[in-house]
Every structure is written in C-alpha cells, then in structure tokens.
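Consider the two complexes below, in which chain A is the common component and chain B and chain C are the respective partners.
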Partner chain A sequence: MLVRLVVMAAMILFLWLAVRKAKVVPGRLQGFLEMGLDFVRVQIVEQTLGKERAKPFVGMFTVIFFTILFMNLAGIIPFLNVAGTSRIGMPLVLALWVFVTYLVVGVRRHGGGTYFKAQLVPAGVPGWMLPIIVPIEALQLFVIRPLTLALRLVANMMAGHILLVLTFVGTHTLLFYSEAAMVPVGALTFVSGFAATLFEIFVAGLQAFVFTLLSAVYLNFSLEESH
Partner chain B sequence: MTSAHETPSGIDIFIPPFYDWFWSLIIVGILALVFLKFALPKINAVLDERTAKIEGGIALAEKVQAEAADAKAQTEAELVEARNVAAGIKDEASSDGAAIVAEAKAKAQAEAARIVEAAHRQIEAERASAVVSLREEVGGLATELASRIVGESLADDARQSRVIDRFLDDLDAGLAGKAEATDSAPASSGTEPGQA
Partner chain C sequence: MESDYIINGSLSVVGYGLAAVGPGIGLGIMIGQTQQAIARQPEVAGRLFTNMIIGAGLIEVLALLGFVGAIIL
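The block that comes next holds the complex of A and B.
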C-alpha cells in the first residue's frame, strides 16, 4: 500500500520538525510531541507494567502506538482515503513483534520450562481438567492473543473505510446522478459521512490505544512472577 | 473519473476514486476550519502554559540556587570578618597584658625601692639611737670610773660637766671618721650625762 509509505514519510517529517530544534524548554510543536510521548509512557506502559519494569519497553510501545495512530488517521485524509492498517499486513507485523517480544521476555526471565508451565498450567486446576485447560491456554498464548490484536485493528479500520466509502458514494450518487427528490437524502448521507469521519478520528486513537494497552498487558503476563 | 461500478486499473489502483477524495476533502476541510478556529487556540494556550510552567520552574530553580550561593558567600564573608575581629581582640589583649605586666613590674620595683629606703632610714635611726644610748652609758661609766679614781673632788657639778664634755668631744672626734650622721650628738649628749 502506497499509503503506508506516504504516512511513514509524514511521520518522519513531523518528528524531524518537532525534534529539529529540541530544547529543554519546549516550543509548541515539541510540547505537543512530548505530551503524546508522555501519554504513551505514563498512561499506557507505566500504568500496566510499573515504572521500573516499563523502562526497556517504552520505546517499542511508543513506536507501535504512533505508527498505528498515524496509519489509522490516513483513513480520513483526502487523497489517501484509506488507513494503512486496513489491510492485514501491517497489523500482523506489529502483532508478531509483540508476540515474539512477550515470548522472548518470558523465557529469558523465568527460563523456558517455568515460563511455559506457568502460562499453560494455571495453578490450582485439578489434574483431570488439564487435558482441556492446557490446549486452551496454549491456543490463547500462541494464537489468540497475537491474532486478535491484528484482527481487531484491521477489522475496525476496514469497517471504518467501508462506512466512509458508503456515505461518500451515497452522497455522490444521490446528489449528482439521481432525481431531484433524492437530494435531501443525499444531504443526509453527507451528514452521515461527516459523523463517520469524526467517528473514525475517534476510532483511530482508540484502536491505537487498545492495541498498545493490550500489548503491554500481554507483556506483563510474561513478567509476572507466578499465577 | 472512476465510477463506483468499474474496477480500477493502472495508476488508478493507487489513487482514490473521485467521490472518495472529493467528499472527504470537503468534510476534512470543514473539520479543519472548525479545528483551526476553535480548538487550536485552546490547544496552543495549553502548550504555551506548559512552556511557561517549565520556564518558570527552571527560572525558579536558578533563582533559588543563586540565593543559596549568595547566602553561602555572605556566610563565608562574615566568618572571615569574625576571624579578623577575633585576631584583633587577641592582639589587643596580648599587648594589654604586656602593658599590665610592665606596669606591675615598675610598681613592684618602686615599692621595693621604697621599702629599701625605709629600711635604710630605720637602720640609720636605730644606729643613731644606739650611738646616743652608748654615749650615755659610756659617759656614766667613765664618770663613775673617774669619780672613783679621783674621789670626791669631782663632785662639783660644773667641773664634772666640763670634764665629761671634753672627754666626749675627744671621743666624737675619734668616731667622726666612721660616722658622719652623729654631728648633732654632742649638744644633746652634753646635757644628758649631767642629768644622769
């Protein structure tokens, strides 16, 4: 998707502009960027992982959050008109990054045996239930968590894109290619398109937040001592 | 222009269809206007406030630091001054002490001289009185001795007195070489043996 390259270029440009004249006392643009970075660091990562354990992962989650946010916002930008995250590739890559990270961190911290046993065999479960529980937990750990991360994001952005296209096509057709009587309906679809655009802005932020927050939660499972 | 019914091909794959970018452009344009007119000033105010807060914090910290440095410098200056004052007091005290010692010494010397002088004078007086009493005694003894030798012939008072005076004058002349302070002695001693 060409959109992703455009968004990437825009992100780099924005960061360069904000950081180019970075000072101790920030100007407006730098202040705005700092507020965004602080939001990810404090509200998402440190709240979930705790201040000390969060330190090595703040960078990763910041990249994930802002990449998703910018890619999502492309969905409402004229001439781009599609979110970079509305095809499975990008969400899948990001989800795999999180997936590999939480596995590696878990194994490194607890050792392979302890980690997988803690994850797959919940404490206090009676022995005869393990044949059911262990496959479910394994499915959860190896498939469901990364896959739902990617699918939730792509489905939200795809649905948003379809909603926007629907209202735009409706407005266009009803205003220019239909009888005069249909013009008020066209006005209605235009208003809907307006509302959908606002909603998509909200969803763009929300999905970036949800993806990052859940990634932090999954990583936290790997860092926890025992369950 | 691509209609919604055709499948795009070529470069159109990468360019959104007309209805898409056209209507989103209008909507985003309206949103941008609203944003620039109403939201942006508020956001800028918040960002400016943040900047001002950070600047104020830094300025405050610098001010506090400068004040602390000032206070420290002042304290040190006061300390130096106090040391100087203490040294001055010490010098003064030691010079005062020296003066007092010198004064005491001078006083003591004067006192000693006075005591020595008094002692001399007393010794002199005692010597004089010893000379007087010795003369009396010697006069008496001599008279007695002479009267025993010569008998009653010397009973006459006038003669006796003359003889004694003459004798004592001779004696004085002998003594004068050793003591000069007894010059007045013959006058007084001349009468005393007479009474005795």
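The block that comes next holds the complex of A and C.
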C-alpha cells in the first residue's frame, strides 16, 4: 500500500526535524518527541520488564510503538484516509517480530528444554490433566499470542475505517441524493463523522499502546524465572 | 396480504452482534472492578490502569474475532 510509504516518509521527516538541532534544553518539537520516547521507555517497557532487563528491548518497542502510531493516524488524515495497519501484512510482520523475539530470548536465557517446559507445563497441575493442559498452552504460546496481536490491530483499524466510511458516505448520500425529509438524518451523520474521527484518534493511540504493552508482557513471560 | 417475507442481508452480521455480548459483559465487569479498586486504593491507580488495559486487550480480541468472522464469511 502506498499509504505505508507516505507514512514512513512522514515519520522519518518528523524524526529528522525533531532531532536535527537537538539541544540539552529541548525545543517544542524535540520536547514532544522526547515525551513520546520517555512514555514508551518508562510507562511501557520499564514498568513491565523492570529497569535492568528492559535495556536491550527499549529500541525494539520504541520502533514498534511509533510505527503503529503513525500508521494508525494515517487512517484519519484526509486524502490518505486508510490506516497502514488496516491490512494484515504490517501487523503480521510486527507480531512475527515479537513472536520470534520472545521465543529466541526465552530459549537463550533458560535453554530450550527448561524454557519450553516452563511455558508448556504449568507448575502444580496434576499429571492426568497434562494431556489437556499442554496442547492448550502450546496453542497459546505458538498460535494465539502472535495471531491475536496482529488480529486485534488489524480488526480495530478496519472497523474504524468502515465506521468512518459509513458516516462520510451516509452524509454525502443523505444530503445530496435523497429526499428533503432525509436531510436532518444527513446532518446527524455529518456530526457523528466528527465524533467518529475523534474516536479514531483515541483508538489509534490506544491500539499502539496496547500492542506494545502486550508485546512487553509476552516478552516478560519468557524472561521470568518460573512461569 | 403478503405473508412470505424475504429477509435480505448477511446472517454473519447477526452473529457478530451476538459475539459482542460476551466481551461487553466482560469489559463491564472488569472496568467496574478496576474503578472500585482505584476508589479503595488510589495510590496504585497507575498500575491498575495498565493491568486494565492488558485485560481489555485480551477481552477485546473475542469481539474482534467475531468482527473478522463477519467480514470474512
């Protein structure tokens, strides 16, 4: 999708403008960017993983957060009007990144056997339950976590896009192509178009936050000593 | 009087409506309990809010699976 290229260009331009003349006392744009970076580092990564363990992963989560945020916001910008994340490709790539990261980190930290045993066999479960529990845990670890990560984002942005299209097309049709009696309804859809746009801004930020936060939580499962 | 009505439209949308009920109840309970917890102990509000968002993300997926199903089928 062309939108993604446009968004990437805009994001690089924004970052370049913000850090071009980076000062110790930040200006307005730099301050804004630093607020965002600080939010990801402190509120999401360090709070979930803890200060020391978070260090190698701050970069990764920052990239994920800002990519998703910018791509989501493209959904409400006029003439772009579709989020880069409203097709499965982009969220799938990011979810695979998280998936591979938490597997590799877990195996590297605990060793393959210990890691998969800790993840798949919960402590304190009676032996006869294991044939039921282990497949469920395996499904959770290998399929459900990465897939829901991608699906949540894509479905949210898709739903938002459909909602916006519905209000815009409704306004257009009801105001210009229907009977006079329907014009008040058109005015209603016009107003709800604004409301939906504001709601989409909120959802764009929230989904970027949720994706990053859940990625950090999943990574934390891999880092923990015992599950 | 015409008696044989024809219903147009996709049944899967009705299915989505049904699928939204469960997560709706779940979100209601979770957010309400979080409100209560914050009211009882305002000093841990930040941590509770983060946990609430995590839970909301997990519950939300159920409704969104219904949405995806309604679009695909």
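Following the convention adopted for this analysis, the second predicted complex is superposed on the first by the 227 of 227 C-alpha atoms of A that agree within 3 Å, B and C clash if a C-alpha of one lies under 4 Å from a C-alpha of the other, contacts with A are read in each partner's own complex, and residues count from 1 in each chain.
What we mean here is this: a residue touches a chain if its C-beta (ideal position, glycine included) is under 8 Å from a C-beta of that chain, and two chains touch if they have at least 3 such contacts.
This structure is a prediction, so every number in the text was calculated from the model and none was measured.
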| item | value |
| --- | --- |
| First, second, both or neither for A:Phe32, with chain B first and chain C second | first |
| Partner chain in contact with A:Val185 - chain B first, chain C second, else both or neither | neither |
| Partner chain(s) touched by A:Val210 [first = chain B, second = chain C, both, neither] | second |
| Touched partner set for A:Gln47, first chain B, second chain C, both or neither | second |
| Chain C versus chain B, contacts on chain A by residue | B |
| Partner chain in contact with A:Val134 - chain B first, chain C second, else both or neither | neither |
| Which superposed partner A:Asn156 touches (first chain B, second chain C, both, neither) | second |
| Touching partner for A:Met8 - first (chain B), second (chain C), both, neither | neither |
| Residue numbers on chain C that touch chain A, as the complex places them | 47, 50, 53-54, 56-58, 60-61, 64-65, 67-68, 71 |
| Touch list for chain B against partner chain A, complex | 4, 14-16, 18-25, 27-28, 30-31, 43-44, 47-48, 50-51, 54-55, 58 |
| Chain C contact footprint on chain A (complex, rising order) | 43, 47-48, 148, 151-152, 155-156, 158-159, 206, 209-210, 213-214, 217 |
| Touching residues on chain A, where the partner in the complex is chain B | 2, 24-28, 31-32, 35, 76-82, 164-165, 167-169, 171-173, 190, 193-194, 197-198 |
